[in-house]
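Following are the structures in question.
In the two assemblies presented below, chain A is common to both, partnered first by chain B and then by chain C.
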Partner chain A sequence: MRIELEDVRHIYAPGTPFEVEALRGVSLAVEPDEALGIVGGTGSGKSTLAQHLNLLLAPTSGRVLVDGADARTLKGVELRRRVGLVFQFPEAALFAPTVEEDVAFAPRRLGLDEEETRERVSETLELLGASHLVGRAPHALSGGEKRRVAIAGVLAMAPEVLVLDEPTAGLDPATREDLLGVVRALRDGGTSVVMVSHDLDEVAEVVDRVCVLEKGELLAVGAPETVFYAHLVTAPSTVRTASILRGPYPEVGRPVRFKDTLAALKGLLEGRG
Partner chain B sequence: MNNPGDEGARHDGPPLVSCENLTFSYPGSEGTALAGVSFELGTGEYVGVVGPNGGGKSTLLRLLNGLIRADSGGVRVGGLDPATEPYQVRKRVGMLFQNPDNGLVAPFVEDDVAFGLENSGVSREEMRERVGTAIRAVGLEGFERREPHTLSGGEKQRVALAGLLALDPEVLLLDEPTSMLDAAGRAEVLSKLGELRGARTVLHVTHHLDELLGANRALVLNAGRLVADVPPERLVSDAELLRENRLALPATLRLAAGLGLGAAKPRTPEELAAAVLRRVKLGVEAR
Partner chain C sequence: MTASRSLGQFYPVASLLHGLDARAKILATAVLAVGLFLVDSVAGFLLGAAMVVLLVAASRVPPGIFLGFLRPVAFIVALTLLFQILFSPEGETLFAWGFLEVHEGGLMRGLFLALRILLLVSTAGLLTATTAPVALADGIEDLLSPLKKLRFPAHELAMMTTIALRFIPTLHEETQKIARAQAARGADFSEGGPIRRARALLPVLIPLTVGAFRRADELAEAMESRGYRGGEGRMRYRESRFRARDALALAAAVLVVAGGILV
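Presenting the complex of A and B:
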């Protein structure tokens, strides 16, 4: 599935004194099977953009296309099943008495029978390493456990595109690492993933392409090594370190991921040191 | 358990906050959220709280301002028990929630920042001044008449912090105050919090160890137990303690460690690059 934003503008509270233009004409595609990172400062329009991908927010002007067709021609329910959106702090929306029922809510509403629903629930919980929580009450879980259950609730719809808005905010480093592993596994399994994050170090580890927003405009989109080295303000610490060193020592290259950066800097120290 | 560091701040007089053998379980949960936690905070101390999700960090903060009541053990804040005198305690203790949506109540940003002051007997004029100062302190000038629900996660987090700064309580309980901020916003908020150091008593929960490098102590909570109470410098250089508690160093410190430059303790990419350059030059001279 390919989603394309065509010159999308979004104005909150239009025609009132509180009018805010959150997106100022953004054109961008989410390609099939890719992991796309959306980065940019606080208030740059990242979440607004994410909420256009399943038309939870409608553009004030411009269009959203799904495989070339105007997304407005698709049924809302169908679109939101195919494009799963996980909000910031999604655990705030957990509501059922048990984890199992919470995750089963969407598949049941989609009309899956009990056996299929149970299968979906156990598959998604297993993918997120949360199988052991199945009978627990959501309110009694820790922050990291709740987060995984909330994401499972969206994944249980088997979306073709998964949109995650700040999925790791508030997670401990090990839980964050586990979740990034899930993102990689989904992408490798053919689900597109769009990840909105202010944590550039983690974006660097999982995405195929990255786009930078600034004040509602698309500043850059492309391969991480191209975009990050051209926009150091929104670059991870690996890139910011290497960008200083590659001036005097070009052999450092343009590493982005931690492992590659460590290898490049080790090479520098061994070759020159 | 490791002992409190000798280099930690020392304070005279009775502790402002004390917890003795605190134990708490959430109804319907199998394990204990906190099991026998004891520590004290002196007036003016800045103390970090770290540890894995589910370790008991947020539970501890909720017990300190009386949102929940301990199953056993005692909490005292300025000599008062938050469970029986929550309103008295909350006059002295301000809390910043992890999810900023949980703290925002008013239709406009400036009203939200003023909300805590409304019932505190502060004059209208002083209130206006304190709200203005707090909004500037978190870099939200021009947002006064914005509606909180139209703000981004990071902006909401700053509004919540401004509300706390306007109230200026003696004790600040901060539950991941920078979890939604980008690098620039994080640096700005941390420098604001740094200004409180010594003047206010702060308990700062975070997953970013670099935020605590200037703190007096770091408490490590894991599976409901207080497993360490150490100076932050000792925590970041104790690989075993980090691993056992699912803690990770920020990327810059990890790169430095991987390159054998850990002793330089670079906090920024610029400092790390400088350390690498120094090492390269040394190597060239040695030849």
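Presenting the complex of A and C:
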């Protein structure tokens, strides 16, 4: 499915002294089968934007279109099933006595029968490398384990688009790598992924396109090499390194991912040797 | 991010009332509250209502906010009014319909009682809307501090009040966040009867409770690690001063109440 934001503005608590304009007219599309990264500083509107993708927040003005039709014409539950949203620190919403029941919450709410539900639960837990936790109590798990279970709780709806808000914040490097692997696997399996993050290095590793938000406005959107090399302030360390070397050694090119950057540097060293 | 507007929340604007000392405002509110129970005449209530309207205007808090304060008590007020009108057979009969009779005395008493509740809530709302929670708690502590001699835990009570008030918006925000996270998983809080709706809240209430305990633990640790050990010898960052205008405000409250009772 294709989600399109049309000149979306969002104002929190309008008409009070607490009024904040979080989005100032953002137009952006999430294409089918792509991984889109949303980056920007704190308070740039990333999380607000993410919550518009399944209309948990409604735009103050502007429209959200799903496959060309106004998203408001879809039933709320239907839209939330098709666009899975994983909030920042999703483990704060774990509530069931066991991991299995927590992950089963969404499929049951969608009306799946017990057998289908069990299937969904074991599939998603396996995808997230958390099958062994199935009978445990969520509150007794480690931070990384909780995160895996919480993400499974949304993925169990089998959404067409998965929106992840800072999925790796506060995680250990191993769990983080695992999660990025899951994101890649989902994208290759035909699920669109929107990843909100201020960790530019990890965004660079998984996305097809990236958009930069600043103070509620869209600063740039496009292929990572185009966007990152044009906005070095919001570029990952690979891009910043390569852009310095590009002065004296233009043959470095415009690598973004770690692997490509390493290959470019190797090429450079071998060319000189 | 979502600012909440719930009962008795501080509304930060600059006004004459905001500038008054919290102790003066607490005492004045207490005087007015007691006064409202003693007033028993049309003129007295007119005076009380005029004063509340004047104070609301002086507070520069939008009147809509006060209507928000009144909403939770509207049902009680309506019920009280109805009971008083229907079931106090005093004075002249205004009209009768079957066994229902409306008497002049009952009508008046009902209106007085309803007005009393509305004015009381508005006055309390004035206090909380124009006084920052910390100043309010400090004021309560100061007013209760003579009781410390009798081993009354005035400081602890004030600290607990401050913390409780401080965490209302935090918990509110947390509730919304969790509710939205569960909504993203298909939870629906608006369908079904009251029992189903209450059950639907469990996925919100459980994490909220767990989070509140965790937060309380963290706060206690943070306070201890900064050397907090109770009220003994503790100073304040903001010293409150009782100025002439505070005394004036208090005197004005006493005068209005005296006037309201006498007329």
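Following the convention adopted for this analysis, the second predicted complex is superposed on the first by the 272 of 273 C-alpha atoms of A that agree within 3 Å, B and C clash if a C-alpha of one lies under 4 Å from a C-alpha of the other, contacts with A are read in each partner's own complex, and residues count from 1 in each chain.
The rule is short, and it goes like this: a contact is a pair of C-beta atoms (placed from the backbone, for glycine too) under 8 Å apart; a residue touches a chain by one contact, two chains touch by 3 or more.
Everything quoted here is computed from the prediction, not taken from an experiment.
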Following superposition onto chain A, is the placement of chain B relative to chain C best described as a clash or a fit? clash
Which partner does A:94 reach: the first (chain B), the second (chain C), both, or neither? second
Kindly classify A:85 by the partners it touches after superposition: chain B alone (first), chain C alone (second), both, or neither? second
May I ask you to decide whether A:240 touches chain B, chain C, both, or neither, giving the answer as first, second, both or neither? first
Should A:18 be classified as contacting the first partner (chain B), the second (chain C), both, or neither? both
Could you tell me if A:136 is touching chain B, chain C, both of them or neither one (first, second, both, neither)? first
See if chain A has more residues touched by chain B or by chain C, and give me that chain. B
Using the superposition on chain A described above, determine whether A:109 touches chain B (first), chain C (second), both, or neither. second
Just to be sure I follow: which residues of chain A are touched by chain B in one complex and then by chain C in the other one? 12-13, 17-18, 20, 92, 139
Could you please specify the touching residues of chain A with respect to chain C in the complex? 12-13, 16-18, 20, 22, 48, 51, 54, 56, 76-77, 80-81, 84-87, 90, 92-96, 105-106, 109-110, 139, 153-154, 157
Partner chain A, residues of chain B touching it in the complex: 26-30, 51-55, 58, 98-99, 101-102, 145-147, 150-155, 158, 176, 179-185, 207, 246-248, 250-252, 254-255, 258-259, 268-270, 272-273, 276-277, 279-280, 282-284
Listed in rising order, chain C residues that touch chain A in their complex are 1-3, 5, 11-13, 174, 177-178, 180-188, 202-204, 206-207, 210-211
Interface with chain B, chain A side, in the complex: residues 12-13, 17-18, 20, 40-44, 46-47, 88-89, 92, 136-137, 139-145, 166, 169-177, 198, 200-201, 233, 236-238, 240-241, 244-245, 248-249, 258, 261-262, 265-266, 268-269, 272-273
